[in-house]
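So, here come the structures, one by one.
Both of the next two complexes hold subunit A, though its partner changes from subunit B to subunit C.
Then we have the complex of A and B:
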């Protein structure tokens, strides 16, 4: 188990470093001179003095080799310093933290709802394989997979906010404003999870040890409860973590449509305003979390599978 | 009130069109008295498993008992409700299956599995259940029952898994054991272990045993009566000695012939020319996540032209590594392999097409989405002198040579039986006109009658084509029937090479002695105590 953990941790660190390096390179590969952008963000007026550019470059260490700049940047990052936003001229970290909190609550809520609904639907569909319940569940979830957020979100707003006036159409004030965005975010994972649960349970049902369990005297329900559902739900653990990582970045559309001040919105603003420190900070946090979650999913999957768990013992 | 299992006029079918479909079982009569050991014998597809599943009330969907009755100690199992059947399953009838490792939930320990029947049928929980579980495992021959209770199925070998399954089957103190080919996937030593354990249970607890098998020889030493099935019907039944000595039905005669292998083949004289020479070959593997592949240490072995060489060894002895080295799929770490095939010396390179391999699982070697003709064409495509018509002629030729109808070529693998596919595997190997055919457990997955037919085919090809064969097997009977010489691999080392007759008369190595002893019929009705020692000895 220890070497297994060590290897996974090493892979995690490598992935984070690689991702941070790519993020670090953003200002170097985007058009425009960052130094001029910084000066423009700090002084009024359009004319920029060349000597000021030289001085600032020197002061920022931009004449040092790339790796030295990277290490310095990484050092600051690890102490929570993500630089100053060009647009708001406040520390990026102060903007990222509250935004992250909002996005995390959105995503966690959406995934919890998606997982709960999909377990119920997927298990039902699998146990009723080929019967009407299965056909309806499968057809509906498949159809929802094809619905894009940017279509669904305005439609829901149209119905629930404008027609029925039940829920706010945008903003982030109180629980009721989370209902529509969470619903939009949860829809597609629910569809994917449902079919994964259905497949998983069907596979678990067809395993030979299920017949053996019946021959020990377990009833059909006891067998399903003890030997089929737990085994059938295992693929879901990995899937949820992958979607967690995906939704952190994928919440951009929903946050923009519903004007929610979350990470997606921050990223969107950063990119739109060429606010490089803001975009960098947002991406680093999202990517770091995504890598962390994927590793966690791997670990959980390993822990739940005795064969993997013990081969590393 | 009759005791034990009584099946009368049982018919099982799909029930969709009465009279139209052939039944799966028709008018089956069968009894197993308490303490009686009944062997239910037949080739695959004869309805043996369906008989067992009918008794358990666990027939697959759409298959139903149509007429007849199944009673156990006075309880009518056909009329019993689901709750009653749940008490019977595991409580009054224990069951063993062919693939014990697949019959355990891979995510639960053996102890978890034992806890279920102990709770359901005997109301035992907690420490009482734990004590009883350990007792049951000890009774199944585990020297460290506590380890076994904590073990997950993947940590058990096939033999251990079947013994653990026996402990689970016995947990509800059943009066009847249904054993559905529990030892077909095990070698003879392990098979005997299981049979001895079952035999002990039936003597000590008056357990009725219905032992399903395709191998008459296996059970002859233990069974009281034999029931022979074919195509869903009982063809013959009677005391085991009578059936073995004077079989009446044709299918019984086939089975008796298939299981009683004559020793030593009628062979063509082998030439003295050595075509394959392994000199002090050593091959080790780095251990990977799945564990190391079995290694070979310092193996020297030769194969003569037109010879059948048997290679005997249990799983993990390095048999398959040997095959891969000979094929040139692996290169030795040290030592040399000299191949003088096709008349020219070829010391370094691979075996090319001169050595071909026949695998164990015929269902795994063909692409399931390709017609068999396409699969057979593949090895010919690299020959430029061969156009589509030539290929068709060649393929149909070899297919006839392995005694199959060429019409089979337009089917998919799933539409063929294991025996047919194994013949096609041989045909595919023959297409490249090899000098040596390596058969790696080539008949282990087939039932006894089919196995015998495939072996006879190999013997004929050996004579007609002067083909040299390397028969890799754990089955002593196969080797005795086929080979001129037997080589024994044990833990990666070659411990014995001897002419077949000499080997079976007087095995030298300790391990060879064990293997040879396991083939001999067991003494009947030995005292229970002796059996226990015997299990711990092997």
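Then we have the complex of A and C:
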């Protein structure tokens, strides 16, 4: 267990460093002058005075060599300081933490709903394999996989905000604001999870120990409840962790459409405006959490499945 | 120019909203009902605050449109001139000095008095910014000081009649001295306007309450919430659902839905923006005026306005919108003349030795379609064109250095101040800092130099029109369409006056009847 955790800690540090360095380089490897992009994020317009470019470069230390800028950022980060946003001129941490809380709320809710629905659907489909219920569930979930968020979100706004006036079309004002974005975020994971649960349960149903349990006289229901479902849900733990990590930074489309000031939106704005400290701060948090979550999922998976634990030892 | 993921995401939503438009017509709320002073309104704005509310940034627009920030002077669109606001009068006391008399009896929202010293301190903070405002920076203003309790003196490095215009820029809004303590700007409770900001949800909204002690008289609304909704489709949806009372900058694609909705009024006004096909006058074949005229003659601007812009823009008749006081008198949008274009091409000795390139900036989604229309029009007269779509930041160095053929762009003529001098100087004089056309003409430069020192606004506007005529005669660019500023307002909002530049939205007289 300790070597496993040590490897994962090293991976965490390496991933955060690598991701933050890549983000740091983005403004320099994409076309255009990053300083002009920063100015344009503060003041709309095309004509930018060269003296303003010089003054801002000096003020932000952007004339220094890249390695020096990066090391300066690392040094500050080691003391918990993510720096000031170039665009808003407010501390990055003050922006990242509220945004993280919002996105976490969305993602936790979406995945909890997705997991609950998918367990019910996946188990039903597996137990009804080849029958109409299985075919309907499989067809519907496969269709939902293909539904893009940028189509589904406006559709839900049209029905629930415009036609029925039941929910707000955008904003982050309270629980009712979360309903539509959570629904959009939950749809695709529900489809993937259902498929995974179905496969897991089918595999468990044919396992030797399940067959043995049945031969010992255990009822079908007891066998399914005690032996099939626990094993059938194993793949779900990893899938949930992977989706969790992905949605933390990948909810940008939903956050833009619903005007939600979450992490995806923050990352998007940071990269767009060459706001390096903001983008780096957001990436460090997202990548750090992603590695932590996948590590936790592996640990849980290992605890539930001794074969995996052995292989890591 | 702004890249907007939202603009691409908007398409789906707007298309759906368009379909829904006819289903939402309903009784229009009476606009003559008595105003209810307990009412609040919601405004969907397209900008979010930046730079921690620094006045030299675009955050000043939000403070101004919210009814918080006020300036010494104000540009009155209806009169086409500068009118008093926090200053009651002004005069040019010497060639380089302007004296402004500060209005008496005005208090900041924190209770402190508006004095000349407070005004000078506020203006000095803008002047000293690392990235100063275009309207008010050390190149155009050399100093600000209080002469006495009620007089502020503004000094310029060269003689300029435009100082009162500069002091109408939202970036020169006045905050109380308490707003500048601690090295950052704090507008909360430190403005002079009819509405007092009381709370902010970062990246979401600004909430304002009525300023009970407003110097300008009764304020009819109890308060307002200004939301920062950068996605145009969401602003369109929120005005339809009634979640917003005023939505600014509605995308063209949202018009069908709103125009079919009886609860919503759609307001359109000429904006100071003209979509333009810039031609590199410094490079062949564009260095021949006949060739440039041929390009102009080949294009069907009416069809362009009707198709790509869906009627929300009008064919341009030159570098200015027809409603602007400096518009070229009697100018008409050029009609497509294919035969005339072919003759001009022959006269220019043009041979299609290489395909010419049009750069369509990706930040303006419609420019790809505009480029396609132009490509077809030019192909019809024997000019092959290929289209490149690129980010503005990527092409800017090439544009400024003259390494391109044609580019589609759109500039706000009044982005600095309510006068086009900055635009006409930067974009078309020989030494212009944004002379994408690489045009240089001694007569033009002389006219602009004369205008820059002409105090009489009517005479100055005449000189602008003359300069515009030179640009037109030389076919420097093809001015394609004048864009419209489109806002949407719920039918029950009273006394709302559209400002094409979105500087003044929530005003003391804005009202709403009881529900």
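The rule is short, and it goes like this: the second predicted complex is superposed on the first by the 255 of 313 C-alpha atoms of A that agree within 3 Å, B and C clash if a C-alpha of one lies under 4 Å from a C-alpha of the other, contacts with A are read in each partner's own complex, and residues count from 1 in each chain.
Convention: contacts are C-beta pairs under 8 Å (C-beta built on N, C-alpha and C of every residue); 3 or more make two chains touch, one makes a residue touch a chain.
What you see is a predicted model, and the numbers here were worked out from it, not measured in a lab.
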| item | value |
| --- | --- |
| Which of subunit B and subunit C A:32 touches, first, second, both or neither | second |
| Contacts of A:218 with subunit B and subunit C, given as first, second, both or neither | first |
| First, second, both or neither for A:256, with subunit B first and subunit C second | second |
| Touched partner set for A:43, first subunit B, second subunit C, both or neither | second |
| First, second, both or neither for A:72, with subunit B first and subunit C second | neither |
| Per-residue touch tally on subunit A - higher for subunit B or for subunit C | C |
| Which superposed partner A:231 touches (first subunit B, second subunit C, both, neither) | first |
| Contacting residues of subunit C [partner subunit A, same complex] | 1-3, 5-6, 9, 12-13, 16-17, 19-20, 23-24, 49-52, 54, 56-58, 130-134, 137, 139, 184, 201-204, 227-231, 233-234, 237-238, 240-241, 243, 390-396, 409, 411-412, 415, 422, 426, 433-434 |
| Residues on subunit B engaged by subunit A in the complex (per definition of touch) | 56, 58, 82-83, 86-91, 93, 95, 97, 99, 102-108, 113, 116-117, 120-121, 152, 154-155, 165, 168, 171-172, 289-291 |
| Interface residues, subunit A side, partner subunit B - complex | 207-209, 211-220, 226-227, 230-231, 304-307, 310-311 |
| In the complex, subunit A residues that touch subunit C | 30-33, 36-37, 39-47, 49, 51-52, 55-56, 59, 87-90, 95, 98, 150-151, 153-155, 157-158, 161-163, 165, 168-172, 252-253, 256-259, 261, 265, 268, 272 |
